[in-house]
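Got a structure for you, questions after.
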Amino acid sequence: MRYCKDFIVVENETITSTLFILKLQYPETLPEIKAGQFVEILVEGNKDVFLRRPISIHDVDIERNQISLLVQIVGKGTDQLSNIKIGDTLNLIFPLGNGFTIVGKRVLLVGGGCGAAPLLYLARVLKQRQIKSDILIGCKDVNHLFSKKEYESLSNLHIATEDGSCGLKGLVTSHKIMEEDFDAIYCCGPTPMMKAISKHAKQKNIPCYVSLEHKMACGFGVCLCCVVETNIGNKRTCVTGPIFLSSDLKDF
Amino acid sequence: MRYCKDFIVVENETITSTLFILKLQYPETLPEIKAGQFVEILVEGNKDVFLRRPISIHDVDIERNQISLLVQIVGKGTDQLSNIKIGDTLNLIFPLGNGFTIVGKRVLLVGGGCGAAPLLYLARVLKQRQIKSDILIGCKDVNHLFSKKEYESLSNLHIATEDGSCGLKGLVTSHKIMEEDFDAIYCCGPTPMMKAISKHAKQKNIPCYVSLEHKMACGFGVCLCCVVETNIGNKRTCVTGPIFLSSDLKDF
Amino acid sequence: MNNIDKRLEVTIKDMVLRNPVMTASGTFGYGYDYEDFMNLESLGGIVVKATTGANREGNAYPRMAETSSGMLNAVGLQNKGVDYFCNTLYNKIKDINTNMIVNVSGSSIEEYVEVAEKINELKNIPGIELNISCPNVKQGGMAFGTDPKMAAEVVKAVRRAYNKTLIVKLSPNVTSIVEIAKAVEGEGADSLSLINTLFGMAVDAEKRQPLLSTVTGGLSGPAVKPVALRCVWQVAKQTKLPLIGIGGIMNATDAIEFILVGATAIEVGTANFINPAISQEIVYGISEYLDRHNIKNISDIRGII
Amino acid sequence: MNNIDKRLEVTIKDMVLRNPVMTASGTFGYGYDYEDFMNLESLGGIVVKATTGANREGNAYPRMAETSSGMLNAVGLQNKGVDYFCNTLYNKIKDINTNMIVNVSGSSIEEYVEVAEKINELKNIPGIELNISCPNVKQGGMAFGTDPKMAAEVVKAVRRAYNKTLIVKLSPNVTSIVEIAKAVEGEGADSLSLINTLFGMAVDAEKRQPLLSTVTGGLSGPAVKPVALRCVWQVAKQTKLPLIGIGGIMNATDAIEFILVGATAIEVGTANFINPAISQEIVYGISEYLDRHNIKNISDIRGII
């Protein structure tokens, strides 16, 4: 079941000048939400924004009926969204997409930049299911690190920064945690990073789940705009994905 | 000289649920503004508003470099405008149009509803020039009466309300002030009212100036969308007007 | 569905629509995708995604670009083909209690005829919408829809093969839409739906490349409404067929505008992406409009402009 | 005008434009109307309002309707005729130090020729833009612009009478704009400008009447940009003439998009109403774009899509 409903903004936290976290209150009881699912936001107040904007669910507070979204400002819609005030309403279609398949006993989560958004809620779900997880976050510098405390409380956090201001200096792929044994990898971030991690997983012969951010018009399966080439033909990223087993994707 | 500049909103006063007055601060010295001139407002934040909106200059405070606008909410643009906050900026093209021709020694100003907007500044200018004026305002009821004190300080105020809640109960045309002798009438309001007053002026054989609210795309003479039929052909309301001598208009 | 507003009922040939509000092909999946958001039976009809003879993978990604008050798409008729439709999809939609229309596409007259013949056998499909106007495939549609002779030929052939309600969907990308409309009327079309998307393109100035894999695509959304209204108005004045107005309808007011210029019914397209319950809301909005203006029947305002 | 960015200079036949930014006919008056807002000499060129043989009063009011991301106009070529232009207006504009182009309109080949001949005599008018694409007058323009044979005929006749730069302005309201473009190219046009407005209409649902006195009118603004880009791209691929891109240009990025798909210059239209200084700002914006992308000359990105 998907819903099209208004949420109320209860927090708009600035992380960096281009990164912010929205906490949204649902007036009813939240339906079940899987880690890796996303919402489609109706962005109002900007003449040049016509379609909704897809944003992953960063975290879910099932007791408070709140969800949070981690958003990077890349254009007019996300910029408009960053100005939203506490108390404003935001209309969402949710929850959308397949969400992560939960497998194994010990798994690795790898996130790059704001692409890491869905991993926090994934870490939470994994902990609930008593699956051990390590999480490796790659980002520009220590200022771009978000939700650190939350990650630490749910998982073993490892960090790689471009400038070495926190954790390893360098790319996630060169972090030593990569060499340990896992039953699966969950990776969200820039495509080159996801490809590198998926190659690594292939070598290790373990499944690698990636999250695709294809351009979407509807987000719920009806427009066929968001397709990705898989080994069994074009699939809609918004319903068959956004989480794919990287070995199913033609391009990976 | 016309300008395209940002003003700062210093007041947004609600008169009725559909009527409000904006007071706008100009950051520089205001240029000369004639009574009857208007501005073209860039209305931001609404997806369905594409063109600027023409609004008459209600009053000018030359010492403070402020202008005020009286706006009636009739659709999406004026509705959006009504939500503007103190401190917001508003981009205006101004001053536009010809403004009233000032004639005579004793004149009558007749205003209907929010159409009366330009008459306050006209009364102010007349007083400065030591021209005696009477002003007759017609409106729905006492709640729709605005800027009463200001009118009273500048002119002899007469009122006609539809429900009799203030002044004469009835239309402005039946007010006894109409029977007195004036050198000219200045009339702003709904078209049927302007036509009636202009007919009256014709009988009295005095000039009647009316303000036309034709639909405008540019407001400064270049698009030719706002034409009105005059005795000497189509004229642009935004530059030849919006103030016309009613006897020059085909339809009057 | 107890509160049916009888004033809204309209007829297109043999098809009775409980109200003029339909949904446009390619924007409403196979109907059931919207069940979470609304009551499908509140609609006058649903036009499902284009169906072709064989399976089609459609165009490469990216297939979508946002534009001012609109979007471009280059989906390219992706679908699993008519046999899959008849054997699998039909069973999933046949009990939806509204007019389920199939949008029929093809690259040749033979393909159109093949699809139409097979759909003709499906009891619960009261009509087809012949898509001769898709700008998104090379050999598919728009060529038929922009040449009166070819349009006439394909309609003639399909008419012979199909005996239920035959709607023909017109392209706005023509010098004279009236000419095409008349050609199609002459060959026995029961109704015309218009417009399909405008032929357009979008560019990423920073990356210096087109935003669609196919460079060009089909423009839809409120940006095209003025063109759509003009097309319906022109065709309404010069043909006798019942028309279905499409293009940029975002709310009940837009729908009323199409009815005023001569549409018997309307289809809601891109708006479904922005508000998935909008088509149902439009039904209510039309009722409200009739109340407010004291109109006894929707047909009283049809084509009065 | 000391800081001229030499990278922006472009040439259209014999006309040197200091940058590709021109303003579109009907949206910029006679140029001087914008003097309060900007430096006219910062522009590559200015196309003044349509000029016809005799005085025209244009269409009745209302002539304008706002639409989603655009507007419809039905001005209908209101102007005081070519003689008034030559005797009065010309003197007011002849010293504006940029390319002052006259938009030439008519209802017959004779009228087009008459106007062109008279403008040919004016020293400081380096070119005309032949408007064969106005949707707003019955006998005016669009009929010439939608039929390749008629388009060729009028261009042929005007070409004989006019020996400076001849730009022909094309209508998007055709099945194949390439066909018209080629017909016009074949008769000696020096350049093509495209697009003129899309043929559309708007309705007031509450009053149940059209919003324009003429019912239909011409659609402009960002809503039409996808169609305009597609037209320029198509024509650039299939003709050799320098093109002037028009349609929904609101900022420098939009202008760059037109250049990327093959335009040598661009014209800013409706945007002038919303920001009367926008054309000058676009010039600066293009310079910035070249800086940011390290581009030596605007021609390096022309038509690379």
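Here the chain labels run A, B, C and D in written order, and each chain numbers its own residues starting at 1.
One rule holds for everything that comes next: a residue touches a chain if its C-beta (ideal position, glycine included) is under 8 Å from a C-beta of that chain, and two chains touch if they have at least 3 such contacts.
Small disclaimer: the values here were computed from a predicted structure and weren't measured.
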Just tell me the minimum hop count from subunit A to subunit D, counting one hop per pair of touching chains.
2
So which chain is farthest from subunit D, going by the mean of the CA atoms in each chain?
A
Taking each chain's mean CA coordinate, subunit A and subunit C are separated, in whole Å, by 36
Can you work out the whole-Å distance between the CA centroids of subunit A and subunit B?
55
Cα-centroid distance, subunit B relative to subunit C, in whole angstrom
47
Residues of subunit A that touch at least two other chains are 47, 49-50
Going by the contact rule already set, what residues in subunit C reach two or more other chains?
67-70, 221
Classify the chain contact graph as line, ring, star, complete or other.
ring
According to the definition of touch, which chains form touching pairs?
A-B, A-C, B-D, C-D
Subunit C contacts subunit D in the complex at 67-70, 72, 146-147, 173-175, 198-203, 205, 208-210, 215-216, 219, 221-227, 229-230, 233, 248, 253, 256-257, 260-261, 289, 301, 304-305
Of all residues in subunit A, which touch subunit C in the complex?
1-4, 42, 47-52, 93, 214-229, 233-234
Provide the residue numbers of subunit C that touch subunit A in the complex, in ascending order.
26-29, 33-34, 36-37, 49, 57-58, 60-71, 73, 75, 78, 221, 270, 272-277
Can you list the subunit B residues touching subunit A in their complex?
44-47, 49-50
